[in-house]
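Going in written order, the chains are labelled A, B, C, D, E and F, and every chain counts its residues from 1.
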Amino acid sequence: MNLPFEYDQVAVGEFGGTTPTTTDFANSRVVILPIPLDRTTSYVPGTRNGPHEILVASSHMELWDEETQTDVHSVGIYTLPEMEFPFATMDEVIREIRRVASELVSRDKFVFVLGGEHSITPAVVAAMAAKHPGLSVLQIDAHADLRESFMGTPHNHACAMRRTLEYARTTQVGIRSLSPEEAAAAAALPTEIFYDFNMREHADWIDRVVDSLSETVYITIDVDGFDPAIMPATGTPEPGGLSWYEALTLLRRVIEQRTVVGCDIVELTPLAGHVAPNFLCAKLIYKILSYRFRSALKS
Amino acid sequence: MNLPFEYDQVAVGEFGGTTPTTTDFANSRVVILPIPLDRTTSYVPGTRNGPHEILVASSHMELWDEETQTDVHSVGIYTLPEMEFPFATMDEVIREIRRVASELVSRDKFVFVLGGEHSITPAVVAAMAAKHPGLSVLQIDAHADLRESFMGTPHNHACAMRRTLEYARTTQVGIRSLSPEEAAAAAALPTEIFYDFNMREHADWIDRVVDSLSETVYITIDVDGFDPAIMPATGTPEPGGLSWYEALTLLRRVIEQRTVVGCDIVELTPLAGHVAPNFLCAKLIYKILSYRFRSALKS
Amino acid sequence: MNLPFEYDQVAVGEFGGTTPTTTDFANSRVVILPIPLDRTTSYVPGTRNGPHEILVASSHMELWDEETQTDVHSVGIYTLPEMEFPFATMDEVIREIRRVASELVSRDKFVFVLGGEHSITPAVVAAMAAKHPGLSVLQIDAHADLRESFMGTPHNHACAMRRTLEYARTTQVGIRSLSPEEAAAAAALPTEIFYDFNMREHADWIDRVVDSLSETVYITIDVDGFDPAIMPATGTPEPGGLSWYEALTLLRRVIEQRTVVGCDIVELTPLAGHVAPNFLCAKLIYKILSYRFRSALKS
Amino acid sequence: MNLPFEYDQVAVGEFGGTTPTTTDFANSRVVILPIPLDRTTSYVPGTRNGPHEILVASSHMELWDEETQTDVHSVGIYTLPEMEFPFATMDEVIREIRRVASELVSRDKFVFVLGGEHSITPAVVAAMAAKHPGLSVLQIDAHADLRESFMGTPHNHACAMRRTLEYARTTQVGIRSLSPEEAAAAAALPTEIFYDFNMREHADWIDRVVDSLSETVYITIDVDGFDPAIMPATGTPEPGGLSWYEALTLLRRVIEQRTVVGCDIVELTPLAGHVAPNFLCAKLIYKILSYRFRSALKS
Amino acid sequence: MNLPFEYDQVAVGEFGGTTPTTTDFANSRVVILPIPLDRTTSYVPGTRNGPHEILVASSHMELWDEETQTDVHSVGIYTLPEMEFPFATMDEVIREIRRVASELVSRDKFVFVLGGEHSITPAVVAAMAAKHPGLSVLQIDAHADLRESFMGTPHNHACAMRRTLEYARTTQVGIRSLSPEEAAAAAALPTEIFYDFNMREHADWIDRVVDSLSETVYITIDVDGFDPAIMPATGTPEPGGLSWYEALTLLRRVIEQRTVVGCDIVELTPLAGHVAPNFLCAKLIYKILSYRFRSALKS
Amino acid sequence: MNLPFEYDQVAVGEFGGTTPTTTDFANSRVVILPIPLDRTTSYVPGTRNGPHEILVASSHMELWDEETQTDVHSVGIYTLPEMEFPFATMDEVIREIRRVASELVSRDKFVFVLGGEHSITPAVVAAMAAKHPGLSVLQIDAHADLRESFMGTPHNHACAMRRTLEYARTTQVGIRSLSPEEAAAAAALPTEIFYDFNMREHADWIDRVVDSLSETVYITIDVDGFDPAIMPATGTPEPGGLSWYEALTLLRRVIEQRTVVGCDIVELTPLAGHVAPNFLCAKLIYKILSYRFRSALKS
């Protein structure tokens, strides 16, 4: 924006908006890509407002991370405008998301996608896997999302991981909801499921999750993987799920022991007048970036 | 439901549920068909909850109409279960709605459809027009809905009347929102538009609306045709619009001077904790039925 | 409250709380009696919060009335604490309300009751009628409330006016909802009904309302008598109803031409996060008091 | 419903509505009885909407239980229509609930009651205890509910367990709110209280709860027994309380070691726009049924 | 934003965001200046979210105005970023707003300010009056805002017009709330007040408003000037007020007969989950711009 | 209140309002001082309603504390009216709060302040420290609040503890949000920080907190110190934080081993329609008082 005069401005639509350090695409290590897709969600609609509310919340975060003793903002975080989808079919939508993700991957950006519904993940993983052969996917989620198709389409969010398996093998954490058909199919699929009801029974569950992952990892976080106590703002909030510090410990361990090349956070459906879930997402993104780039900052 | 014992039950999912007179499909003159379709709505989602909330509200209505001095409930009002759409494409959805509507029309039912989004109307009109050649359509709406296609599909709710025109000519009342492209196209289309900003300037505007209609009429009411003061519960609530008594006077006049063969009310997106708009829809249906069947009741 | 030191305090629970002029019971001409009864309401519960929210709203009103050119606050308005009902039966509740109202009437206070549900009105009218033989009641309401009994009790709010008729004749304004049984019974009851759908067809409708009233009048206002556009905060919000200025004109005329000895406003069910309806009630009370005591203030 | 044509329907008002397997009363092992009673609740009203919202939520559940490796739906779950209460007194209400519960018990159904307020429990327990001598009751609750009477009636929800003790001895779990009078009375009553603040201090607390129960057990779950973090939707949400997995572990253990003959879940007051608490209730019911009938399914 | 690749983007933070025609500051005739100031508002807080919600709503408007038969968007409408206020005192805030407004006025832009609270108006008027000697101000508002100071500061929103009078004379329309002190002071101030309760009694009230204005006019619209039926989203929603078409007729007449040089719309406090008021503001701005620039578009 | 007749009244605005034992200032050991200050809060406004909602919630508490086996109400708890602030500057506000707090301290009351925003704490601590030399402050909070100034003022809530350090040394518990500047400054300040992410790693963390405190302690509780799962009703709800029983254990230990002379609970921003957070605050106050005065009650 070139104005012939200056004044203090609110940075709307930029992750961590309150920072004094502005940045540009070319010099940014991290790119935030908002994809407010909301086509096939059932029950409680509203994922389309997810990215915007995460960005608003992010402008109220403090920028110091007391755990890593860093301000990761300085690696350069560039927030792209929200994608718009003037398309008739999900095939076209998926193709466009894959194209945009590929553009970013080809420029060596660390891509952090903000959904939108979970059906966007396969397209992003496809772009990642083309660049990183042998990629595996860590999914935090309440639902297995392993249906072959749902409500007539293979692109429904209930099929997100079944589609993702076409590009990479997965480890699924926090799972506590699946259909008889998914349960039957899971055994034959290239996925390892950590069911929420028993995953904490062995103290080494996080080690076992890490062991299941290949060297290069993409992380997809469906917010309903969290306990609804801290994440009520989602379409089908299943009781149980990860606590804040369980998720952080898992993510820090994976990032320290593997190479994480991209991430998404999906299925936030903001609740009117209730900002805590939005804020959790903003903070979670910042924690992941702090873990991921702490060594870059300290060297 | 055949139970081996009896008790007083709440009649959930039946229009005007509190009445002591139960009824059956065969002997009902009126059939309520709930179609909670919610696929293409933008901005504020939620039309899928519309039919349910109208039915809940209807159970709190009184059944006497002081204006016509009748209890129209006695003609037999049968509420069908909500349609479900396990289909991938809007083409399939539209085809199924048309099939179900045709089944009802073929049995001489007066069909009252509860939407759901406006994209269901063309399918219902197609069924009606096949039975009633020369049918015309009265639309109460804020939006012209005359786009040829929108967001890649000809079945978007923004195209509802453009599609409807393939089956019947229309009169559009309360219009106060259209695109430059729709404005340009309207002149050549078989439709007469009464713009909200000037439609009350001539005292005879209702006569002129009636005159524009053929003998047999289908009525489609997009709830955003009403003033947002009384109807805030819709996706794009445009200021201006019809008051309660303006709408009643118009509807009564049309029903008295033409033969109305079916009706729909669409685009209600219930607001959490705010029942007045739901109640308005329930009462509006009851008023229309009272006007339509008053003579049947008195003979 | 006797404190050994002073500070600026928020006046919670006092009508028009921001005024600098404090007052006491003995010297107050007007007494506000909050009765948050909420026992028999159906559909949307919550009248118990009505009185409190009206009082909160009243503290944000300005105290000048530009129409009468007065500040009626100076006649002395005393707000009593909310009544509490540690009673098992409605008979006991009704008896206690009547007793308290009688205490106030016997001290020549102008009583303004804040409901709570409409079932409190008969008890207040009983107290008024004992002091003022020949009393008539003006009711503004959407519902006739003429049922003999409802849900097993004669004290349900749906029976409020049937019970009131045991003490005084009534004029009912804004009516647009009644059952077939009430419609049949109304003709033989000492009440005159002005139906909302046609009451404005004769320009002199207000004169006709006034003519129907005896010299001494009690006014009961069910907030659902108003258009839901301005009063959505009630249990069964019926479309149609009085506008703000219609109600003011009617009330001013009645007060100028008759002797109004008391008033109630009932059935407000506050909507979370939505203060306009609460504010309307506060302002309506202040307007009624301004009309009622303007001459006292000017002499 | 006998229609002369077919279409895909939304199953409103049926527990677990999305399943393809319909069922009938006679062949159902489990019967869901919705009792939306809402008469005496104080503070935040709204338990009357509880059963409906639980049923809506249940239609979005997956039907596989990964813990027991079963789909309990196949034992036959029949959902009765909601009870309606056209009665004046709580005595009549209680009598009617007991009668209906007895009808079900006499037909050897496993009855799962959905409240409504806690005052319905004594009537159900009375029906159960008549069939099962020596019945004991496990209560999960924040409140002791041991008042002799409250607000003038012995049927207030604050007296629910005092009334229940007339039919069966109880074990109370999660208690963290009681009056001085209840504390004084408790010692002499046939009840064992596990106070929330110290019940987890001994690792064997669940064993001690089981030991306190007789062979045949009825379970009553007041949702406020849960931590308000996961259950904010209740009238008096007390901090502390059971977590999701604590409750599941307790319930599984009781069901495995005793014979559970019926259950209720009460005091849900749905929050507008906030579905997680409703979903928790639906899932809790499904877990209890999975624990209860897993062996029936596997044999 | 210079990206090395393209995709369809959502235009967040631009008025009328859906238009395909992007624009730049230099070539824009109209500049939207969002000032989300929220420092002194009492009762219901939240004006800080007003500008953002108006811009979001504006992206869902259609761009054709059926009344003027124009698409005013083509004159160039440039939306500035929201102002931020890292200042301790209202004096500094006011000074900065005046400076920014002066920058825009000096570049011959038509400035449309989005508040924020009403206390921003005097600063904008000061900038306008310096350029346009003899400027008068048309205020649409429920409140006179003529207090000399309030809660210790002369910059409170309750003093907005008293401060404005230091730069220009005013005409106040829709007034229905003022204190005894304001009523007493008004007579001696250079302002003409049209009280809402009687301003429609003479059919020529709009002519009289226009007559009271000088040749060059600034318009300030406090949204509480509207009827709360259509504008509940404001801090102190006073019953009564302008309808949508009354406001449009007044504004069109003033714009046709005077030279309007700037405008603001203030005091919107968005209600969670309730978009109609936000949408009204967006549409009102578009109508004013259509009236103002229709001749420019047609020549 | 001296009324010439009696009736059962709702005790609005009194802590624990349902108790039958009324009390007076002189004989009360504990004084509740509501300070609804809401001037500088950013993001989500609304702390001004905090004190009122805590008091409403408190009237629904039971008065027995099962842990200490006491009814602390009997020590005398007097609730003062809410402070009002007709002042222009924060300097004046702070001075007045300090004056009122000093009046209470001089009368040997145990003062429990209800905020309002955190910026009130330094004024209260100033009054306390003047009476109790060597006072230390225990802060439970998500934010360090150690900024030297914010948004142009040293009295912003983001500076609350920096200001407090001018009167007393502090121990900060639950901290999980601070700016790079605060992190850099903290080392040189007389404060000990227990960061939330690692404070539970040593089982003796509570002992270490107690050890850090001097003999005489003031406790300030910013509600955002709690986990947003149980406390979503605050301006910037940071994930992580104290659970209910962690907080109780910490508070009980501090009270048992030190002399606590006063307390505040601040930054509650009530959520419309969501009472659990308000209730938590009321109960927390009652628990603190029970711990503090249990020995006084038993002797």
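Rule of thumb we're sticking to: contacts are C-beta pairs under 8 Å (C-beta built on N, C-alpha and C of every residue); 3 or more make two chains touch, one makes a residue touch a chain.
A quick note: this is a predicted structure, and the numbers were derived from the prediction, not measured.
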**Asked** Going by the contact rule set out at the top, which chains touch both chain A and chain B?
**Response** D, E
**Chains in simultaneous contact with chain A and chain E** = B, F
**Fill in**
Farthest CA centroid from chain A: chain C
**Request:** Check B-D against E-F and say which one is joined by more contacting C-beta pairs.
**Result:** B-D
**Item:** Residue-number overlap at the chain C/chain E interface, same or different (half cut)
**Value:** different
**Fill in**
Top of the farthest list for chain E, CA-centroid basis, is D
**Request:** Measure off the straight-line distance from the CA centroid of chain D to the CA centroid of chain E, and report it in whole Å.
**Result:** 55
**Request:** Please work out the Cα centroid separation of chain B and chain C, and write it as a whole number of Å.
**Result:** 37
**Message:** For chain E, give me the residues that contact two or more of the other chains.
**Reply:** 85-86, 227, 229-230, 272-274
**Prompt:** Of all possible chain pairs, which ones touch?
**Reply:** A-B, A-D, A-E, A-F, B-C, B-D, B-E, C-D, C-E, C-F, D-F, E-F
**Request:** Give every residue of chain E touching chain B within the complex, in rising order.
**Result:** 60-64, 66-67, 69, 71, 227, 229-230, 244-245, 248, 273-276, 279-280, 283-284
**Of all residues in chain F, those that touch chain E in their complex** = 38-39, 45-46, 48, 85-89, 92, 151-153, 272
**Fill in**
Listed in rising order, chain D residues that touch chain F in their complex are 42-44, 143, 175-180, 182-183, 195, 197-198, 227-230, 232, 236-240, 271-272, 274
**Request:** Spell out the part of chain B that touches chain D in their complex, as residue ranges.
**Result:** 1-5, 7-13, 24-25, 36, 52, 80-86, 96, 99-100, 103, 107, 272-273
